[in-house]
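One chain, chain A, appears in both complexes that follow, with chain B as partner in the first and chain C in the second.
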Partner chain A sequence: MIQTIDISSYSAITDAIRSEARRILSDSTVSAVIGYTAGRRVGTTQPIVITTADEADKLLFSAGCLNDLVVYLTKAKKDVPKSGRIGIVVKGCDLKALVGLLGESQLKRENLYLIGIPCSGVLGSLLKPSAELTSETIASKCCECTDQLPLGCDFIPAVTPAPLPDLEKRYATEIARLEAMTPSERWEFWKEQFSKCIKCYACRQVCPFCFCEQCLCDRNRPQMVEQTPRPSGNTAWHLVRAMHLAGRCAGCGECERVCPMDIPLNLLNRKMAKELKELFNSEAGFEVRDTGPLTSYREDDDQSFIR
Partner chain B sequence: MSRIGVFICHCGENISRTVDVEQVAAQAAKMPGVAFATDYKYMCSDPGQNLVKNAIAEHRLTQVVVAACSPRMHERTFRKAVEQAGLNPFLCEMANIREHCSWVHEDREEATQKAIEIVGMLVERVKKNRVLPTITVPVTKRALVIGGGIAGIQAALDIADAGHQVVLVEREPSIGGHMAQLSETFPTLDCSQCIMTPKMVDVANHPNITLHTFSEIEQVDGYIGNFQVTVRKKARSVDEHKCTGCGVCMTKCPQKKIPNSFDCNLGMRTAIYVPFPQAVPNVPVIDRENCTMFKTGKCGVCQKVCGPGAVDFEQQDQLIVEPVGAIVVATGFELYRITEKPKGSPIKGYGEFGHGKIPDVIDGMTFERLASASGPTGGKILRPSDGKEPKQVVFIQCVGSRSREKGISYCSKVCCMYTAKHTMLYHHKVHDGQAYVFFMDARVPGKSYDEFWRRAIEDEEAVYIRGMVSRLYQKEDKIVVMGSDISVGVQVEIEADLVVLATAVQPQKGADGLAQKLGISYDKYNFYSEAHAKLRPVECATAGIYLAGACQGPKDIPDTVSQASAAAAKVMTLFAKDKLEREPIVARVKENGCVGCFACKKVCAYGAVEEKEIRDRQGNLIKTVAYVNPGVCAGCGTCQATCPSKSVELDGYTDEQIVAMIEAL
Partner chain C sequence: MQKQITEANLRLLIDSLLLKGQRVVGPRQSGTMVLYEPLASASDLVTDELPRRSIKEAFFPVCEDLLEYRKEGQQIELKDIDPARFPETVLFGVRPCDAAAVPVLDAVFSWDYKDQFFLARRAKTTIIGLACTTADDACFCTAVGLSPNDPKGSDLLLTPMVGGGFLVESQSEKGEVFFSTWQDRFSEPDGTQTQALATPALQPLDLKKIKAWLDDHFEDRAWDSIAVRCVGCGACAFVCPACHCFDIVDEGSEKAGKRRKFWDACGFSKFTNHASGHNPRDLQPKRYRNRIMHKFKYYDDKFGQTLCTGCGRCIRVCPVGIDIAGVLEEIEKK
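Moving on to the complex of A and B:
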């Protein structure tokens, strides 16, 4: 049965973001605010960087605000001023990525002004931007969301998000299906998926954690990963990606959203996250961690996976 | 263009038996970049090394591959030879065709093929080798000795006598260790205290020795020549500087019934105590677990009677950082407690011997205390249960030792001699008594040792029974020992008054934890491992750390003292230089690729990674990157493996070299 999701709070959130952005820009708390604005097609949104209080009314929040804006703080920072404190609009999932970057010395908390969103979910895709947010159209990551209210922000609109209805946990279901397979069946599944890859690297571009200035997969002395979009190179790329994100990925799901070939990239990330949770009781959250599960060693670490 | 020389070693027959070395040389000569290839019977010998040196000059070689044994064995040898011929030593690589090939294969044809491929990999690798300059680091000429038993005392005295500062750290309130507990020592039967205590006094009075007793190692940072060791000086509750050692506090302490572990719990001590009268330093310590003041907050008698006001109930643990250049580990041993079955350990215990249940079944150290003039009985052999003089004593050897089924397969080395000594001491003190010894075989090599053992049998009338004891049990006030005499094939039953077990020698509890702090390796029994069993027996594989005494394996006093002096000599060799040369196998950050996530800093076990700011000419910060301090880096490569952008390279093991090797296959 298709259930409608209550997003009536989004207009109040939009108003609150606008007034807060106006305030912090006019009293020079921040030099810029990164947020969402209306896209060209009705219902779509696009990221925007505003630097004056007058532009505050351009900001909005809707079910079409899919982007993880955190990536604008590290690499897609064309219009983001280099100095001064920056305001940024973050959903819970985005904040987890931001917190991860704080832990990896990529950002400094004192340079940020976080505007948190009490989120009720966003659309899975903008192919039908004006679609109503329902249990069908909602993004897969939202179905398993436990952090609708981001913690530790400088400002959060005083709105309580309506609790999500009981939605089908799509990743969990799919992971269970894959786990039930034999290793060779599972390998066939992923080989099939990776064979679709055209090496456009959109997943890399959009990922907040892919912040290396020179990706090791682009290096040629020595060449670590075959660069042409052939099966061996594709597989190597996706495995390197998954391993590099293990213990770090915040689950914003942007990689999966931007993939033009519909490779279920976040499914791989969720599986890795599940392993890390089971092995080291470690998962992405709102608290800055000094070391990740794979960059620390404890004597009582689970060693059972070594066979 | 590379002109590589390949030198194939026969290693006597070790390699040539399974590998056709001539064919390997012939194939190597055809490999791209190889200018010269040959084989020789012993490449590491003087003529072999000269062959390499001459070939470098004659064929104008630019790199060298020596196909022989493991680099652990002879990499140093050949790099030195190559250096003498004028090449940078790091342009020489070893291809291991012995351990990795000839020793593990039987088929000659296949082994030869594998050897050719191994050589091929190293040829490709050596093409990517870079000239590496030697790194020099300063040496702190100050040594740390861990453990104040005879090993630690000897090492500390030797180093201090050579004119270097020594920090001696002891866990117990006094130095002296197990040797201070012994009665008389084999093979001369001189009194242990008489030869030990003067050395302890020497330590206390030596101007070059700083003594930390009742202290433990908290943390070890740094590297050879430059260690920073944090010592936890536990709260003694008595000010060492004020205390005069008069002992009034001990006579007045109301808690008088605490078993004294120095006397193997046979005697009693007070809550404020020195373990034994000859303790160094002669400063008491308050056992806070048993002190009335600490338990109830009321008492303080010792404080009231202390003239100099040395008793301090408020004293806290102190952390002291000691900069040292070398470390001697001399933590010694403890006796296997046969009643215990440590969790997760292969050791299974000896419940059948009743140790811990039958009071008159004791271990060797307890017998030492009974026989010691300064012991709880004043040197009279009196059994613990009723204080009677035992007329029949059974000694059982190899309890725990040499028993694979019970978990310890090694020989504890000292028990044959000390049991022979025990029978003599017993015979000297109880003239009408009879000693029986159950033994597997007598292992008494060493100067005057066999004579000593024979004396026990021939002159001192000990009855040696070859065989093991199957069971013993209490029967009224006797202990019935049931065993077999395998030399005549009969069952033996002896009604003994006292049974003494020669229990196995084990490393101190917590030896593994200390090893982890020091970064040294240890075996499955937690004995510390030497770098080479024959040629480097006192060095650890970790540079700048040396071993002395029973922490490395069971040892008697003469062996321990020799090793302690050997370790001291190694420390003095190190301190003879002002600067140390280090292998330049260290990590290096490629700053253009580094994004400053500092994953490397988080995983570095040596604290070698620092943050470095990169600024433009105007001084504006461009970015912060990782920097590896080459003096601190141990070259383990963990940062290289962790770096997500592959911006750390380990010199000598670069990705380029490793990939070149893989691609050559």
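Moving on to the complex of A and C:
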């Protein structure tokens, strides 16, 4: 049965974001605010960077606010003005990515002003942007969300998000299906998925953790990974991506959302997250950690895999 | 020449082509997407959805081999890929926004350098277009001077008729040849009305006015505000029917390998990166400016056409909601 998701709080959230952005820009708490604004097509939004209080009314929050804006804070995005303190609108999932970047010393907390969203969920895709938010159209990541209310922000609209109805945990279901396969069946599954890749690198470009200034996959002197969109180079790229994100990925799911070829990339990330939870009881959260599960060594780490 | 064909005869025609061993490519379901792919039977053909990627790959594939090399001692053996191996192909159900991009690509691939790979495939391909009766809010062919039944690029154009079947108009010699080869499947037009065409919402853009602004505003602060959100992926260029930038790379080992041609995109930070390390387009706004300039100024200056057919694919896939039609409207108002 298709259930409607209650997003009646989003207009109050929009009002609150606007007045807070106006306040922090007019009293010079921040030099810019990164948020969402309406797109030309009904239901769509796009990221916006505003620098004056007059522009605050351009901001909004809706079920179409899919982007993880944290990518605009990373050094990979050199074009976003980063002088002074920057305000940014974050959902719980986005904040976990930001916290990860704080842990990796990519950002300084005192340079940020966090506007948290009490989130009731967003659409899975903007291919049909005017769709109503339901148990069918909601993003897969929202179905397993435990962080509707971000913690540790500088401002959060005084709105309690309506609890999400019981939604099918799509990633858990799909991971269980893949785990039940034989290794060769699983290889076939991923081979087919990677064969669709056209190497547009949208997955890399939206990822807050893909901030390498020189991506290994772009190197051509010497070439490290086949650049062409062919099976070997595609597989190499997606495995490099998955492994480099293991223990870091915060689960914003942007890689999967933006893939124009519908490759279920977040499945790889979710599987890694599951392993890390099981092996090291480690998962992305709202608390800044200096070292990640794969960048620290402890005497009592499980070493049973060394044979 | 005008003819008409029933839905059943159209399917029979496709199956007859396939039986003859002819390669037929058309929109078909491929996993979660509709893509232009070889059809195995007429029942594969999907006529109610714009494929996720454009028809350009029928002539300009995502990646193709140009030559093979083998080296032993001082001996180097080079093996060319013979363009004559490309099979005769019929493209069925090509949307007018896709077909219209083909002559645009013809111009650039047969300009100073004749790209034998593109041209060999082009010569062996017949394009059967299909007029659109529905549009979504990203479609804007009518805003860039085309229409949902534009014959540009099609050898034959099918327009759905009221009550089923299609009115078929030939637009080229290839179309006439196709009519005469398969004349049994077609009948004379009986005057049945064609269905109402799609009506994309965006008003026609004044492309001359937009170009005039571009002519004078290579340097303008607008590029920063338009492109600040661009994250620098190649999704827009790769789904575009008209974008045609490519890179060439040798892959393999010192001993043996292949030279390959593959899609490139002006969004990438390495696009136009010089061997010296200098990049004239070092920031994203400069790269996005190139995208707009190439489509609506440079290409027009050189070939008198616009490098955009309003298919709306880039609008649908952009990770950060960049809407080229909205950008053009903004420029038009300046």
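Everything that follows uses one rule, which is that the second predicted complex is superposed on the first by the 297 of 307 C-alpha atoms of A that agree within 3 Å, B and C clash if a C-alpha of one lies under 4 Å from a C-alpha of the other, contacts with A are read in each partner's own complex, and residues count from 1 in each chain.
Keep in mind that, in the parts below, a residue touches a chain if its C-beta (ideal position, glycine included) is under 8 Å from a C-beta of that chain, and two chains touch if they have at least 3 such contacts.
Remember, it's a predicted structure, so these values are computed and weren't measured experimentally.
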| item | value |
| --- | --- |
| Clash or fit, chain B versus chain C on superposed chain A | fit |
| Partner chain(s) touched by A:Pro229 [first = chain B, second = chain C, both, neither] | second |
| Comparison of chain B and chain C by chain A residues contacted | C |
| Which superposed partner A:Glu104 touches (first chain B, second chain C, both, neither) | first |
| Which of chain B and chain C A:Ala172 touches, first, second, both or neither | neither |
| Touching partner for A:Met181 - first (chain B), second (chain C), both, neither | neither |
| Geometry of the superposed three-chain model: angle at chain A (Cα centres of chain B and chain C, steps of 10 degrees) | 120 |
| Which of chain B and chain C A:Arg41 touches, first, second, both or neither | second |
| Which of chain B and chain C A:Thr291 touches, first, second, both or neither | first |
| First, second, both or neither for A:Val80, with chain B first and chain C second | second |
| Nearest Cα pair across chain B and chain C, whole Å | 7 |
| Contact residues of chain A, present in both the chain B and the chain C interface | 223 |
| Chain A residues touching chain B - in the complex, by the definition given at the top | 104-106, 211-216, 219, 221-224, 244, 290-292, 295-297 |
| In the complex, chain C residues that touch chain A | 31-33, 52-53, 62-63, 137-138, 224, 227-229, 231-235, 237-239, 247, 249, 251, 260, 262-263, 265, 268-270, 283-285, 315-317, 319-323, 325-326, 329 |
| Contact footprint of chain C on chain A as seen in their complex | 39-42, 44-49, 67, 71-72, 77-80, 126-127, 129-130, 192, 196, 198-202, 204-206, 218, 220, 223, 226-230, 233, 254, 257-258, 260-262 |
| Touching residues on chain B, where the partner in the complex is chain A | 592-593, 595-599, 602-603, 624, 642, 644-647, 655-656, 659-660 |
